[in-house]
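Please read the structure below before turning to the comments.
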Amino acid sequence: MADTLLKLEDVTVQFGGVLAVDNFSMEVNEGEIVALIGPNGAGKTTAFNCITGIYEPTNGQISFNGQVIASNYPQGKMKKMYASQNMGKYTKVVKHTPDIITRMGIARTFQNIRLWNSMTVFDNVLTAKHMRAKHNVFSATFRISHVEEKRMREETLNLLEEQNLVQYKDDLATSLPYGLQRRLEIARALATEPRLLLLDEPAAGMNPQETQELADFIVQIKEKYDLTVFLIEHHMDLVMKISERIYVLDFGRLIATGTPAEIQRNQRVIDAYLGVAEDA
Amino acid sequence: MLKITDLKVNYGGIEAVKGISFEVPGKSIVTLIGANGAGKSTTLRTISGLVRPASGKIEFLGEDITGMDVPTIVSKGITLVPEGRRIFPDLTVLENLRLGAYLRKDNIDSDLNWIFDLFPRLKERQWQLGGTLSGGEQQMLAVGRALMSRPKLLMMDEPSLGLAPLVVRDIFRIIKRINEEGVTILLIEQNANMALQTADIGYVLETGRITMSGTGSELLSNPAVKEAYLGS
Amino acid sequence: SGGGSAKSANVIKIGVYEPASGDNGAGGKQETLGIQYANYIQPTVDIDGKTYDVKLVIVDNESSTDKAVAAASQLVSEKVSIVLGSYGSAVSIAGSDTFAQAGIPVVGITCTNPQVTEGNTHYFRICYLDPFQGTVLASYAFNDLGVKKAYCLAKLGDDYSVGLCNYFMEAFEDLGGTVVFETFPEGNTDFTSYVANAKNAGAEVFFAPVSTEAAALIIDQAHAQNLGIPLLAGDTWDSNVILDAAKGKNVSIAVTTFYQEGGNPEFDKGIKEWLNAKGNEQYLANNNGNDEIAAVTAMGYDAYFVALEAIKAAKSTDPGKIMEALWGVSYEGVTGLIEFNDIGDAKRDVAYVKSVNTETGKWDFVGLASIN
Amino acid sequence: MIKNKKNTILGFCALAALFLVLFVLEKLLPTGSMLFVVLKKGAIYALVAASMNLLNGFTGLFSLGQAGFMLIGAYCYAIFTIPVQHRDAVYQYFDGGLIQFTVPVVVALIMAGLAAAIFAALIGLPVLRLKSDYLAIATLGFAEIIRAIFQWDALGPLTNASNVLRRYPLFSSTLFPFIVAGICIAIIVLLINSSYGRAFKAIRDDEVAAEAMGINLFKHKQMAFVISSFFAGVGGALLAMYQTTIQANAFKSAMTYEILLIVVIGGIGSISGSCIASFLFIACSEWWLRFLDAETYIGAFKVPLLRSGFRKVVFSIVIMAVVLFYSKGLMGDKEISFQGISGFIKDPFGLVSRRKKKTEGVHIDG
Amino acid sequence: MDFINQNLPYILAGISVGGQYALIAIGYTMVYGILRLINFAHGDLFMAAGLIMIYLTASLPLYIAIPLDLIIIAVLGFLIERVAYKPLRNAPRMSIMISAIGVSYLLQNVALYVTGGLAKTYPTIPWISNSVTIFGATTKVVTLVTPVLTLILVVALVLLINNTKIGMAMRAVSRDFETSQLMGIKINTVISVTFIIGSLLAAVGSMLYFTNYTAVTPISGSMPGLKCFVAAVFGGIGSIPGAVIGAFLIGICENIIKGLGWTTFSDAFTFALLIVILIAKPTGLFGEKSTDKV
């Protein structure tokens, strides 16, 4: 078995009275494609947000590549609420801003597309390379690091070529059709040179044909960049086709985990999420 | 009921819709399918008055409604479930639903219960702010909000976007049900399969033009449609 | 004016460098009124036997040091022969360099800060200075009113009021009194606390040489809180705004100033007629809608004639010649004799002291004050 | 790429030509000419507007502290350059003041920028956590606090309290502010077109996405804030030179609003827009409209309305008209380019395309 | 007793100023709430209300002048919105703000042009201008009336916004014009109503304020305008109770500071307090957190 790349232990997230994620543990191994599914509002996006540092867990610990990237334990009035759960298991608070986590090698796309609207397709990708570039304000402003800049531009162009976006490179990101915007988001995430790619409903708004293309595309970039992919999706064809393992959340709780075949047969998952397949 | 004649719409210099004509008969379900950027959403936005057409004519129940302002069109009985949900994030779920019935003067309590029956999840969350709902919950709210206006013509722009498979089926069931209650429906769907199964009439839009049309089942069996939109 | 165009070759331009907007806009306009009236009375001047039309070129320096340079340059580019102004010392100083470079003489009218004329040869002025006024006020308070403790209030960032308070305090403490000094921030309208502070400090006189807007509010508060001690101020308070504010109130107010209405009945009568004349409604509006004569108006009137004297003496429209001629000017104006000392300041050693009659809403003449 | 290079060269030529024209004009026209006054102030405001645009337009940080930073720059410059022999006269109430040495003009200019930048770094720490209008009002507040402090009597030996500072070295030629402002603006443009500039824009467009793509929000915001303040400080120092005297009183929020007006009228996110708008704004407010203040007779006919104060009424209407007509500013977020100029010559003011647009399916406003 | 005697004026002044600030601050907050616009012209509208009142009372009896003043200001507020803000519905937010600054300049400059710039004395409104003595401190009746009136108006407004259809529409419009229209809301009507209410409050505020501080100049509105805007931010801009609490807080603190002898810094202190509060609570005391879900 390959190394564990991402590990969630007893992660709980609470908003006011809502338990969005409840004692969720899971792991993603190096080189896998893993899917996270579950009904609407099950807490999938919230889990992503915890991993990427946008939210902090109320309790639990997340580690990436052996390094703790988020850890928290119930404090204040939460303490009483979780008196019985994993009491004393986590004692330190680790909090990173999203940029640090991205720097460590986790990149993501968003459920609601969040491209930089006033920038061209090319600049969207180029800007994501900013973090990895070796320069400072001074050298960048006075063009001392123009070699670095040139390299970034070349790499960006390559990336766009691979994603078949190169013909749109000077268009504004917003003027692209929806499907291409999703693809651009993936390209932008790749530009940060991640090891783990998180995709939040990448096929939303795509027709079945496009979804299929997307599935191939994900497998392809995974191979090419040596990535590990962790994705949320409601299109079951895609999930079942490409993922090696699946986690199923319901009301924030893990209700099932296993291979696609196992999940499809799992009665709890069928009841809560899949429903009875009455058509193709 | 709704008649579109030679509708053209531009955004700045871009021609998004290049002269389309179609009809939506009363009490029917009509669906528009097509690839990303084909101009489907633009068509619906134009009908609801959010976008002004460059030329063409839109008639509703025999009345020319081209160029009327949005609230007027809404008051005539056309409601749009907009693309991307467009929930009011600072209002509670309940308030969002009440706003759906903004133009109605009668009692809306029974309708509220009806919506809560359709989407029990919303009932649970009725005091939560719309902006904090999950994607799927927001989509339910958007549909529920539109139903609250008791429209004559309900236009839905990708209502199943981001919904769990189970709920997608529910949504289509609901569509059928409200259609049976007498509401005419104009539907845009990426899930062409389900859409065509549900619809009486389908139109295929390609880069701003209607390229094919027919009954739902005709299109379902059309090889070209299969190839391009059904993915198998 | 109308007939001027025929003799257009013979025109001499006098620049009026005054604020018409901003903090000192109102005062600037009143000062300008005096100049305009003087120009109406005496629209021509004889230079070396030829009659010239006097044309006023009025610019608005917006009471602001950052707009002053452009306003001054505007006058320079209009080729004026001499400049009058400005109300407010800071803008006068700010415009000074521009005039100096162009070699144009300036006659300050009511800018009382010593720095205006100090160290230059082109800036003159016809009023007395802050040190003088501050000392006069201090001795009036100490000797005439017989008070030992004074409360001084200035506007933060306003060099006029802060400066005058400074000189007042110096003199007052030299005489043996004590002072409490406070400043209020710009735009402040609530003077309740300041009046209460003065009361609580046990002050016997409330010295507030501030703008008329603030003055009106202070008077109102003094009345509302039953302050019971006299209000004292400098030349800025010599305005009909103060009379309006104080009328019918339970306050006593004394100010030092340059002119007392009635000091020259002929002038008073003439300017009142002019203000009330048909077609001059805007002049009346600039004077707050009534014909009460402000000291700055009288000073503006005198300044105009001082300029004409200098022009006549120079026998030329050339600014350089006029500048030289100014040193020798001696002119008996409505506000007294005007002559310049070797700094360029008027040799004045008396100030008018007057007080408000709260029943009639007019000024009562108290007397002349000078430093002994 | 090649086109880019050609544009750069063309740009340099144009700049050189501009400087040459200025130089010649200055030899030909009398020194007091209004043209130069407007050009000087216009150049200074262009710099300050560009620095504000860097922050408000490119980084999306709505800051209203510009006047405060200018004040710091202006005072820093003046305090360190007033010749020692004049200090007694200037600091008349404070026995000649505390500081009894001077530094060369260029050093003082840089110090002015640094002083503003250091202050920005200090307040950036707490303030930059705030968003949009909250940030605006907090920075505005800081500017007001700075003003109050500089007017404080207790600091008089340093700042001369409420009194004017003067007699420090001034410009000898219009070229000076043009060269300094030109260099500064060039640096701003270089920065904007660098990788950091793109990161700033990313923050403006979508903070969440920017952070998720590895851009450290605080570091970059702080950077933009400090750099912008540096140039505002230099701009303040230049303004001090232009004004010949300074007084804290003049650096009110109204000054910030003026600069904001220039930025928006020029186009948020367009440096060339800021520059053009700056000259137009200054010319309009301090030169071209002055005739409206003077009572004017045509023959015996008195032109109605014209009298003191009318200029400002008209000026406010002009501003509103410009904003209403060019709701995205004169330049939008485009920069001036040679293609643009030739386009402008073919279709001045976009009249043709605007008419065309009207008939098209544009969004209906509410 | 002596202590009260000495300090009561400060507190009374604080409460009264706070109440007047509150009425203006609500106007800011309402307009901001709906258009996300810092309506810089609001303070000047307040000044205009004062000036117009002076001109009206010069020729009309008070019982006509007061309602007429209210009507004129409401119409003025309505017109400002229609002329200066409505055409910019789809423009960048900053452009509308500049338009607001333009309107503010215009009102000030027209006032300057018409009045000449000297301070005008506000007419005496019977009863509320009378002096009263409480615990030995003398003040005007208006000082006591203001906070009461403010509270009544605030409660009414909060009810309006939270419990009525138009109130709900206002909150909807504030976030999303397009979708609001899809609900059948006539956004222009809703926005106009908001402006009219805001302007009326400014007019009422001006009557109370200028009864206390009787000098009206063209720039009389700018400082109260700024302070009230600060108050609105203090409380969390967009929140009406927040604006009111912010206004009272500022009014009272300001006067206590002055009473302590730190007069030089009374404004600076207001801003410092604001900054401290914002650092602790980045969206003000009652500010809504952004509900932008990722």
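Odds and ends about this structure:
Going in written order, the chains are labelled A, B, C, D and E, and every chain counts its residues from 1.
Here is the rule we use: contacts are C-beta pairs under 8 Å (C-beta built on N, C-alpha and C of every residue); 3 or more make two chains touch, one makes a residue touch a chain.
In this text the structure is predicted, and so the values were computed from the model without any measurement.
The set of chains in contact with chain C as well as chain D comprises E. Each chain's centre was taken as the mean of its CA atoms, and the one lying most distant from chain A is C.
Set against the C-alpha centre of chain B, every other chain centre is closer than that of C. Averaging C-alpha coordinates per chain places the centre of chain C 36 Å away from that of chain E.
For the pair chain A and chain C, the distance between C-alpha centroids works out to 73 Å.
Rounded to whole angstrom units, the spacing between the C-alpha centres of chain A and chain B is 30. In chain D, the positions touching at least two other chains are 148, 151, 153, 208, 307, 309, 312, 363. In chain E, the residues that touch at least two other chains are 109, 112, 117, 181, 226, 264, 267-268, 292, 294. Annotation for chain A: residues touching 2 or more other chains are 45, 54, 110-111, 114. Only residues 1-2, 5, 20-21, 29, 32, 57-60, 64-71, 73-74, 76-77, 90, 93-94, 96-98, 101-102, 114-115, 118-119, 156-159, 162-163, 166, 183, 185-186, 282, 286 of chain C touch chain D when the two sit together in their complex. Taken together, the chain D residues at the contact with chain A in this complex read 187, 190-191, 194-196, 198-199, 201-202, 204-206, 208-217, 223, 227, 269, 333.
Within the complex formed with chain A, the chain B residues making contact are 14, 33, 35-37, 84, 121, 128, 132-137, 139-140, 158, 161-169, 190-194, 197, 227-232.
Here chain A touches chain D in the complex through residues 52, 54, 97-100, 102-103, 107-108, 110, 114-119, 123, 126-133, 135, 137, 140-143, 149, 152, 188-189, 191-192, going by the rule given at the top. Those residues of chain E that touch chain C in the shared complex are 6, 9-10, 12-13, 17, 109, 112, 114-121, 131, 137-140, 212-215, 217, 219-220, 222-224, 226, 254-255, 258-259, 261, 263-264, 266-268.
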